[in-house]
Amino acid sequence: MIRAGIIGASGYTGGELMRLLARHPEAEVVAATSRKLAGTRVASEHRFLEGFSDLMFEDISNEEIKNMCDVIFLAVPHGTAMNYVPELLEDSKCRIIDLSADYRLDTKVFEEVYGLEHKDPRKVVFGLPELHSHEEIRNSRLVANPGCFPTGASLSAAPLAAKGLLKTVIFDSKSGVSGAGNSPSATSHFPNLTENIIPYKMTTHRHHAEMVQELSALQPGFTDVSFTPHVIPATRGILTTAHIFTTEKLSQEDVAAIYKEFYKDKKFVRVINGVPSLLSVRGSNFCHIGFEADKKSNRVVVMSAIDNLVKGASGQAVQNMNIMFGLDETTGLLEPGVF
Amino acid sequence: MIRAGIIGASGYTGGELMRLLARHPEAEVVAATSRKLAGTRVASEHRFLEGFSDLMFEDISNEEIKNMCDVIFLAVPHGTAMNYVPELLEDSKCRIIDLSADYRLDTKVFEEVYGLEHKDPRKVVFGLPELHSHEEIRNSRLVANPGCFPTGASLSAAPLAAKGLLKTVIFDSKSGVSGAGNSPSATSHFPNLTENIIPYKMTTHRHHAEMVQELSALQPGFTDVSFTPHVIPATRGILTTAHIFTTEKLSQEDVAAIYKEFYKDKKFVRVINGVPSLLSVRGSNFCHIGFEADKKSNRVVVMSAIDNLVKGASGQAVQNMNIMFGLDETTGLLEPGVF
Amino acid sequence: MIRAGIIGASGYTGGELMRLLARHPEAEVVAATSRKLAGTRVASEHRFLEGFSDLMFEDISNEEIKNMCDVIFLAVPHGTAMNYVPELLEDSKCRIIDLSADYRLDTKVFEEVYGLEHKDPRKVVFGLPELHSHEEIRNSRLVANPGCFPTGASLSAAPLAAKGLLKTVIFDSKSGVSGAGNSPSATSHFPNLTENIIPYKMTTHRHHAEMVQELSALQPGFTDVSFTPHVIPATRGILTTAHIFTTEKLSQEDVAAIYKEFYKDKKFVRVINGVPSLLSVRGSNFCHIGFEADKKSNRVVVMSAIDNLVKGASGQAVQNMNIMFGLDETTGLLEPGVF
Amino acid sequence: MIRAGIIGASGYTGGELMRLLARHPEAEVVAATSRKLAGTRVASEHRFLEGFSDLMFEDISNEEIKNMCDVIFLAVPHGTAMNYVPELLEDSKCRIIDLSADYRLDTKVFEEVYGLEHKDPRKVVFGLPELHSHEEIRNSRLVANPGCFPTGASLSAAPLAAKGLLKTVIFDSKSGVSGAGNSPSATSHFPNLTENIIPYKMTTHRHHAEMVQELSALQPGFTDVSFTPHVIPATRGILTTAHIFTTEKLSQEDVAAIYKEFYKDKKFVRVINGVPSLLSVRGSNFCHIGFEADKKSNRVVVMSAIDNLVKGASGQAVQNMNIMFGLDETTGLLEPGVF
């Protein structure tokens, strides 16, 4: 059994990691840290774990946790993970999957986008296994788990990027509010969100940089990406509507052929007919992708649906863990969505 | 024009008072106090007032506000209103409508229920105009505006109480979350409330005392009232399901006759066929009441629907203001619900 | 009093017309037609009208209704209105406000977009009073009330079009499901829509033609408009996120100046700071507009919020009626939103 | 592998059976019937099964399906199942789990409650494994799977019934709308349900009979049960608020002791502190139960939360299948809820 630890386990991604690992046949959670909740039962906070876990939240040192665990998930805010990583890696064999933004970007880009000095610059594999080498992930001690928006957005445009067909891309994304965490705020205040949809950071969201990084890796030189996120009255899920202007006019059949070919061996991406639904992927690690080519112009509208807490965070982290430990990438993750 | 002031105007009931008074032909808001937001535009907080109000939140003394206003609405927490009232009434002509709990109950009952010493014990009319004398309201300088739950619950059972028919009553109420105010909390956190329904204070909610007070006034000696509230994933509205065991078996026609007779002159209560809908009264001062007599037992299920912020708070306060100032009680309030 | 008739009064726009006219000081509804519901009380279908209307749905002839009414609202499906209009106008003085699509577009464009032969080609004023001459509306016997999406979209981009600044516009719109009418369907089925957002007609929605018409009228030759609508889990409201690429780089201040100047005399459009909220305009005839200029590119994200049933349909129809009958355009419509 | 067939597989309970069996290690679905959808892919209707099932809906005879299957789930309307059962049982070894109401009640009670003649009267075990003998279930070829409301309601009151403590019980239940099936209707029409809560069959719901049956079996002679259901704006889940008047005054500790003892060996019932949440059991086969004893009266408020499609239907059916086939009752069902 893989012994897993979670640093920052009281939040939504921490809880979701424990939900997913509760049913994983090859891994078990042996440590869940939280300063705030140290000494209380994990299942008192994450009520869906009632009867599944007797674990207590702990406040333990890096030294302790790295000796207890084969893999450590970092579910801490950006700017914080870089304080843990060097110590956790040193004199240990444990491997790390960082769910924060700290190691996702080229250091210079990170410092510019996040306005922080990076204390631990290093080159780390971007753990989006549909677009990056599994071998590289397997050989890494540290994997940077992608952001939720970049996962859905990159997967929606990658097949066209790989063909060099992108000219201009506008990602208009709609996210469930769990992406904002489990602390009550004005945005998550029910009367503000119900029957509403709330745009935010319309031109300045930091996840933009990950999208440019991923698409320009596939289509060198391509950077004409705009990104505008919205919060919708839903807990889970990101629907990305990608308005893609292409360098050539494409028919519906052209697009279908390109997407089906690109994703033909990817277990967690389903190219579907029609419009993807957040409800079909809820609770699951799947990404459903649909599209419609505009008959009158060089535009394709591509839509991707993921569960932001699963494929957009904790599920993808478990997928990376599986790859890192030589398991089939789907181990413990082959569950249909709960509509 | 009646010059109205609102003490504690930054919350939902304050905002709702301003919405309702914005369209009132005989009153205007001249002062809106908020310590926290003093100096900012009222319309910056209550965005629906954009273009309707240039008022600023102020932090002004009792002395000042009582000289500016003909009527003052107290939209402050319970235990606080009693600190304002004596000073506001003294050496002034202004009249007060208190939306808090401070003056709703007999002093002894209040002290027991709220666990507080009452600093200003006095007998005050309970401003539920369908059950209390309009003349008494008109002649009062201070009116205690009822709680939201007691309004819907009392109206649902009052006709049977007036006939002495109540044996046992269980009020199972379902409220929109705006009743909990505009500060984000665990209950109002969208992921906790969506697709859920949350019981709370199942046997101990303080509004119980107002229900007993109102029903025992109509049916002397009757006190067998249970009350269990729930929060539903909605902003506005309270549906009360009253499970009423009666002293006699009543047919559907019996109940219809009793309710239609009791409410025949009440402008804001509509006895309807079928099941009342929160959406039909949303934003309005109406209470819709429906019922079904159990053919097999001495039970009637009565359902009342109100908007907790209107008939359950600010609309009823305006209704009381109208009566106090000799206007038709419906002035400015005859608006259909916004489904 | 203006005597108003509504043909097709059983649907949402019909009900909304009656809600708005119930509080209009200068108009009253004297006839509400519905074949399906003829003989039943209007308030039995539109429950929020309980106590406001004793009207019955009728199935009456054009002859009858045009003699009873000063103004007739056509709330019938597209392709149907053109069957009513000629007869209603002939030998009568009544005026018509058509809420369908039949007279909104140039006849040729209409026939192409709707795939129908137009039986009554004529040039009709487009009743978007913020962009069209009030005098022309006043002098018309027939006004074409705009579509819901084109209202919000056109208002969001019009100020830039008037300056000739549009290069490429993508309207990504999010609508409440009431736009799909009051007949239950797969899209409006609660389990399909809750916690979801559903794109539809991603490249082929017919309202696109109205947007092109309105913007090209302001910026001759401009046609580079894409439009993708979505249904959100809400009843009312359309938020349009307009991704606008401009011919020049504009600062936040530039955009603010252009929008404030353009809308300075428009009573129903509010240019606001920050992000507009559907909840602030719910139930009201207002359009709130916010924006953010991208500092790094020639892009502005403009967001408009309207209530699709009010400013997007019935409220705008009443606004047109007011203008047609020489009243202030705001008569009966100056109500804040019901958050 | 247990070969499972589903008759009536296009509905929600059919889809949910396939979701649950997709992850069951000892069973697989080999036939899914639907007249309406025969010839189409199961995953086209139940989109969450994309990639999990290549099955097609079929319209096959009883003869065929009983030869293909070890177990058949009947997911058909009440009054219909009794037409299938005799033929399916005859000359076959297959076993049947009936999710309809046909075999849940004593024949006479069934005929009275459902107003139908029973064509196949026989005594069948009621498949609520927490209250009925596993051995009896194991030895049955036909099991009657309980109704959704009776499951949550009976579990909430059973421990007190087993002690003979019930005097009067009012079940006020709140259900997600998936209980009404996947056909769009007025109740499931989004604009009617959002921000609302809809009582229905306030005194006449047929599930009442199952509750009386189960509780009177535990407390002979007890029949004073009232039941009023509501639909809430949620897809999944039933919260039952049981207002229980007891024959003796009970403290919070008394109640806790009784419930913990009664359910100590039941894997799918968790007696929790505080208020149960529908979100904690969503998608899972668990029932969470909380309670509060009224300090002032002989009343206990007990609350149970289940997922109506899982513990209230398909999950319980799989639990029964497990017992019938000698597996651990939890096989394939030990999944935490997806909050």
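Here the chain labels run A, B, C and D in written order, and each chain numbers its own residues starting at 1.
By our rule, contacts are C-beta pairs under 8 Å (C-beta built on N, C-alpha and C of every residue); 3 or more make two chains touch, one makes a residue touch a chain.
None of these values were measured; they are calculated from a predicted model.
When chain centres are set by their Cα atoms, the one at the greatest distance from chain D is C. More C-beta pairs touch across one of A-D and C-D than the other; that pair is A-D.
Here the CA centre of chain A is 39 Å from the CA centre of chain C. In whole angstrom, the spacing between the mean C-alpha positions of chain A and chain D is 36. Between the Cα centres of chain C and chain D there is a gap of 46 Å. In chain A, 191, 194-195, 233-235, 277, 279, 282, 339 are the positions where the chain touches two or more neighbouring chains simultaneously.
On the chain B side of its complex with chain A, the touching residues are 12, 176-178, 182, 184-186, 188-191, 193-195, 233-235.
Within the complex, the chain D residues that touch chain A are 15, 19, 22-23, 46-52, 194-195, 235, 267, 270, 272, 277, 279-284, 286, 288, 334-339. Those residues of chain C that touch chain A in the shared complex are 170, 172, 174, 176, 191-192, 194-200, 202-204, 226, 228, 230, 232-237, 239, 241, 243, 275, 277-279, 282, 292-297, 299, 301, 303, 339.
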